[in-house]
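A, B, C and D are the chain letters, set down in written order, and residue numbers restart from 1 in every chain.
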Amino acid sequence: MGNSFGRLFRITTYGESHGTAIGVIIDGCPAGLAIDEDLIQDELTRRKPGQSRITTQRKEDDRFEIQSGVFEGRTTGTPISLVIYNKDQKSKDYSHIADKFRPSHADFTYHEKYGVRDYRGGGRSSARETAARVAAGAIAKQLLKESGMEITAYVSQVGDISAPDYKKMDLSLIEDNIVRCPDTNTAEKMIQLIDKVRKDRDTIGGVVTCIAAGVPAGLGEPVFDKLHAELGKAMLSINAVKGFEYGSGFEGTRMRGSAHNDEFFEEKGKVRTKTNFSGGIQGGISNGEDIYFNVAFKPVATIMQDQESVNEQGEPVTVSGKGRHDPCVVPRAVPIVEAMAALVIADHYLINKVSKSE
Amino acid sequence: MGNSFGRLFRITTYGESHGTAIGVIIDGCPAGLAIDEDLIQDELTRRKPGQSRITTQRKEDDRFEIQSGVFEGRTTGTPISLVIYNKDQKSKDYSHIADKFRPSHADFTYHEKYGVRDYRGGGRSSARETAARVAAGAIAKQLLKESGMEITAYVSQVGDISAPDYKKMDLSLIEDNIVRCPDTNTAEKMIQLIDKVRKDRDTIGGVVTCIAAGVPAGLGEPVFDKLHAELGKAMLSINAVKGFEYGSGFEGTRMRGSAHNDEFFEEKGKVRTKTNFSGGIQGGISNGEDIYFNVAFKPVATIMQDQESVNEQGEPVTVSGKGRHDPCVVPRAVPIVEAMAALVIADHYLINKVSKSE
Amino acid sequence: MGNSFGRLFRITTYGESHGTAIGVIIDGCPAGLAIDEDLIQDELTRRKPGQSRITTQRKEDDRFEIQSGVFEGRTTGTPISLVIYNKDQKSKDYSHIADKFRPSHADFTYHEKYGVRDYRGGGRSSARETAARVAAGAIAKQLLKESGMEITAYVSQVGDISAPDYKKMDLSLIEDNIVRCPDTNTAEKMIQLIDKVRKDRDTIGGVVTCIAAGVPAGLGEPVFDKLHAELGKAMLSINAVKGFEYGSGFEGTRMRGSAHNDEFFEEKGKVRTKTNFSGGIQGGISNGEDIYFNVAFKPVATIMQDQESVNEQGEPVTVSGKGRHDPCVVPRAVPIVEAMAALVIADHYLINKVSKSE
Amino acid sequence: MGNSFGRLFRITTYGESHGTAIGVIIDGCPAGLAIDEDLIQDELTRRKPGQSRITTQRKEDDRFEIQSGVFEGRTTGTPISLVIYNKDQKSKDYSHIADKFRPSHADFTYHEKYGVRDYRGGGRSSARETAARVAAGAIAKQLLKESGMEITAYVSQVGDISAPDYKKMDLSLIEDNIVRCPDTNTAEKMIQLIDKVRKDRDTIGGVVTCIAAGVPAGLGEPVFDKLHAELGKAMLSINAVKGFEYGSGFEGTRMRGSAHNDEFFEEKGKVRTKTNFSGGIQGGISNGEDIYFNVAFKPVATIMQDQESVNEQGEPVTVSGKGRHDPCVVPRAVPIVEAMAALVIADHYLINKVSKSE
């Protein structure tokens, strides 16, 4: 359970890192949408391991295949199955961790919950699962683009190094550097820090900021399914995420209402707000301004150092770091954040089509 | 839509602040649970307006009635209907705001989404809606208590004033002061700040921290319905919430993996972690340690000052502050945070009963 | 669980026959729909006990109240709460059946499932629960009417007495007699049969036929949520229903494809079928022709005779018939069948609004 | 939408008859269940085309592959992906029907609903979709078997030829003949009829009867999700099904309550019923007796004869019968009915685990 997400634009994912394949079924994508497969591949490539020296050096191709739901380049309204076959999935030797609980991984909790677990490469808890989200998100993005909406994320913090406010940067530069921070100076410092952390055989956390532009007023449901609550759940469901804030966020707790309130004005026949501490969402419903939010990622749990732990029998063991892992997850998390945001907004875009009687 | 929450322990709420009643239907509460109605009333009383000088002076009684699902003091497995009648719901004059959009309220977004809206007292967007959540949460708490789980929240920040870490305070003191902060010194400063803000006819934000103790390992689903993702959505669905973080949260983004990882050890036959940056949840599943998280509340949008805005025709108008409102929402938000946490954990407690084959 | 129905136009019901009230929350009714409260009351009156000599003589008023979701005569998009208070709910003496399992009632199965049960008047398993469905259905009907759809049901069989095909009768005559069969001769015979059965202190089964006219092509989902599968579930969820068939139904199993296939032709720019064995649904999706189906009701289980049974201890007991009950349920089932059909079609009417991309 | 089924044991299917593959994701199968892949293949083989002279002569292999969720022969609690690749899926020439609406097929309704459709071999509306259901059902059967439940279906009617009551036959003989009727004499007549119909280039309808034995009391939810309502929806969602009845069914409408009521008695410490007109379900909840029901299948729409119709432009056209199709669908429908029944009962078996508090 818990492998589906969304209400009308609904995805279901499957697959372990060392099984035959991972994949996603999209149920509820409207019929007649033109699908550009290159755009899907581009997103997968942004997420894939081995893309630069600051990510894991593991090589994965992440080629996808559409198995259903698209005919002659257009969606048919039937489920879209996207599969990514695991190359090279034959297990190397995992016996050194088969019965050990790696600190801050999901080994122990899976063991407690299910009694059995696929210990190879993290199994279902592997970050590889997010490739399916990115593929589905790429289709959601195409649906949103049709209606003038665009989702953009970037790395706004690595360790203690932070980028300026998004309004002060040129977001078209995000893909110009390997850390995906649009401010060149900050990007340089972030890369240096990640390099250092990697040499220390350690990892470091960071923040991804995301902006959804062009979202019309009216998306989101007033009570439990507030647009930011759905975005929050979506982000918190990504591996390694520890926090979510939108608009003024945690900083807003220090403000007074008189400073925080976004006064309305009229501009070219459209109701706008002078400030946007609301982050484009009021009462859980989009108001037409930019939606923006921050997503906090902890340092990756896999480090190249020895750590104390216990095994399934509760005996003390040492877990040794092996393999190729990301010193910092945020550069590769950027397309994942975008994908999840696109899925949420696409879903609410459809849900909102039935909010008014005719 | 969006007025239901939970999968097996599922609530549906209804009601506007100036209708006949608000209420909640709980579907999926197991049969045979003894219900203590006093405990439900206690929670509602913790939330109700007019409880102290630092909350709104509006008087609401918030008496509830059980209409179904409980027979001879025990749940029967059928839906539990809890209703709270709105006393005094005859509208006073709301004509001064009927067609105006109050800044940072839901007036404009409801108008865009639905075309029509009940403008009296905020209608469905009124914080009064949370009374239904608190009533339902009080039943969830009774279910959890049966299995040794306990949810406790308190005010950890008001404006710039912060309380110490939860481990350094005596949480039994929370209800000893009107701001619901267990550290007496901090509480005193918070109350002074709120007093000052109220005199300034302004409002201020704050943070509520919540701890779930006694939660067994195994609760939560691995992918989209991670336990912290569900908690996050629950909290973000509360009026005025701008952010959520659990465990190390946003601070954890500055840490290195070697410091952040929670090493396992064995204690009295139980697997424990030496530190708890994970916040009691690993891979989306509870690990048996304390679950703790922070919820950020913005300053209340209703201020006793004039603000610029527009009306439904897009014309410039002045919105004047009137009535009795909370200068700071966090003291009354404490039971709401607890209620939503209880609902999430009760739901996952039931869901987890089917995770293993026999 | 299981007390909600529908996906976008979604209802949740609650209440026992001897609690304070029964009711329904409608979540997802589009905003701006004009609500005629008299039409809701009319439907409740068609269902209520004591309406004629061939129904139970129990008197229930079945007055409803709208608690939320309607403002100045129009829906607001927020949940609509409809409540029907139970008059006179103080229990008379139920001690004679408190621990006995009445044959073919839900006493035993509730006992097995929940351990506890409200034995007064059947509790949640009482047919009184259907009043909530009728009230919600009356709102669904108003939504459908706006788009030219109309749902009509009648009694087509009582015991061995059957009415002619619906195309051969004048459906405007349904309400002209107390058995709700539009053919006067057949109605007369049905009434005589029910009278006789009542005098025998017995009960008899029957069939309700329903027609949905004006349903546009395109409603229903192709695989699991086929329109007729949803209608079937809706009907089978009504107390005492034993079967459902649509279009040619069970008779169609005896036919050959060459006779059963509905050939297409064009009429005034619209694709029509020459025959309608498909019952207006092909591949699970409406085709624009009349949707029609039959619903089989068993004889009511409560009879005015002594029956052998056991009690909660497994001991042999005699259950004696007491009270006032329906000798035949179908006349009162007519508005219930219509209500459930309206709910299904309203739901799929909304779902279909997102089937095509723009 | 509508491609998922079940609440806790939940399947999502995808795939068109002429795409790359069809498949199913099972989300919610408990961990630790031993999976026998041969049993899955056996069920697929019972459904596959070309299995005997009375089914279509089209050859499909229907080999499946497990892509995830099973590790070392046991389920892990993560989604189980079962894929069946379409061999030979390169389209032969479908231009003769590309823009024609075949009578009583889904061509017209898909066209109306989606605007586009994959016309090759029926696309998503192809009966091939049911292979995914059978594969998933084979896993549900293994879960049920663990707890002593068994699902058995057979052909009880072809055209006008009917088998005796299920209690009067030896159900172990079902697979002994190609029509899957356990009564040898009846089976012989059914086969002769199908042979005749096939020679007439026509098709014929029939009925499948299904029995679920060993189902414990307590499964099913009282109101909308009654066990028989869920079974009914499941059956009605199968291609070509026109009706569903359980227990006394439509015949029960002719009975009196005094004859129809199932009196209780005690046998070896278990509460039993003397008769079983209830079909093992009372008030929507299983009572421990055999659950039995009938499913009506119309004659297959594809006939080897010319038929009148229209094309997408509304112009009159002739549709000519071509290819290899089933003269009667019921023999191959037997495993599909069993699969859907197993899915419903497995789902409610899990749901019922949370009906009582501890």
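Throughout what follows, a residue touches a chain if its C-beta (ideal position, glycine included) is under 8 Å from a C-beta of that chain, and two chains touch if they have at least 3 such contacts.
This is a predicted model, so every value here is computed, not measured.
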Subunit C onto subunit D, rotation angle from CA fit, given as a multiple of 5 degrees: 180
Chain separated most widely from subunit B, comparing mean CA positions: D
Centroid distance [mean C-alpha coordinates] between subunit D and subunit C, Å: 26
Interchain centroid distance [CA atoms averaged], subunit B/subunit D, Å: 46
Computed distance of Cα centres, subunit C from subunit B, in Å: 39
Per-residue overlap in subunit C, given as positions that touch at least 2 other chains: 1-4, 8, 13, 28, 31-32, 75, 77-78, 110, 113-115, 124, 222, 355-356
Of all residues in subunit D, those that touch subunit C in their complex: 1-5, 13, 101, 103-106, 108-110, 112-115, 124-125, 129, 157, 159-160, 197, 200, 202-207, 217-218, 220-226, 228-230, 232-234, 236-237, 239, 242-250, 252-258, 260-266, 269, 271, 273, 277-279, 281-288, 294, 296-303, 305, 307-310, 314-316, 351-352, 355-356
Of all residues in subunit D, those that touch subunit B in their complex: 8, 28, 30-33, 75, 77-78, 143, 146-147, 222, 350, 353-358
Subunit D residues touching subunit A - in the complex, by the definition given at the top: 1-4, 8, 10, 12-16, 19-23, 25, 27-28, 31-32, 65-69, 71-72, 74-81, 83, 113-118, 123-124
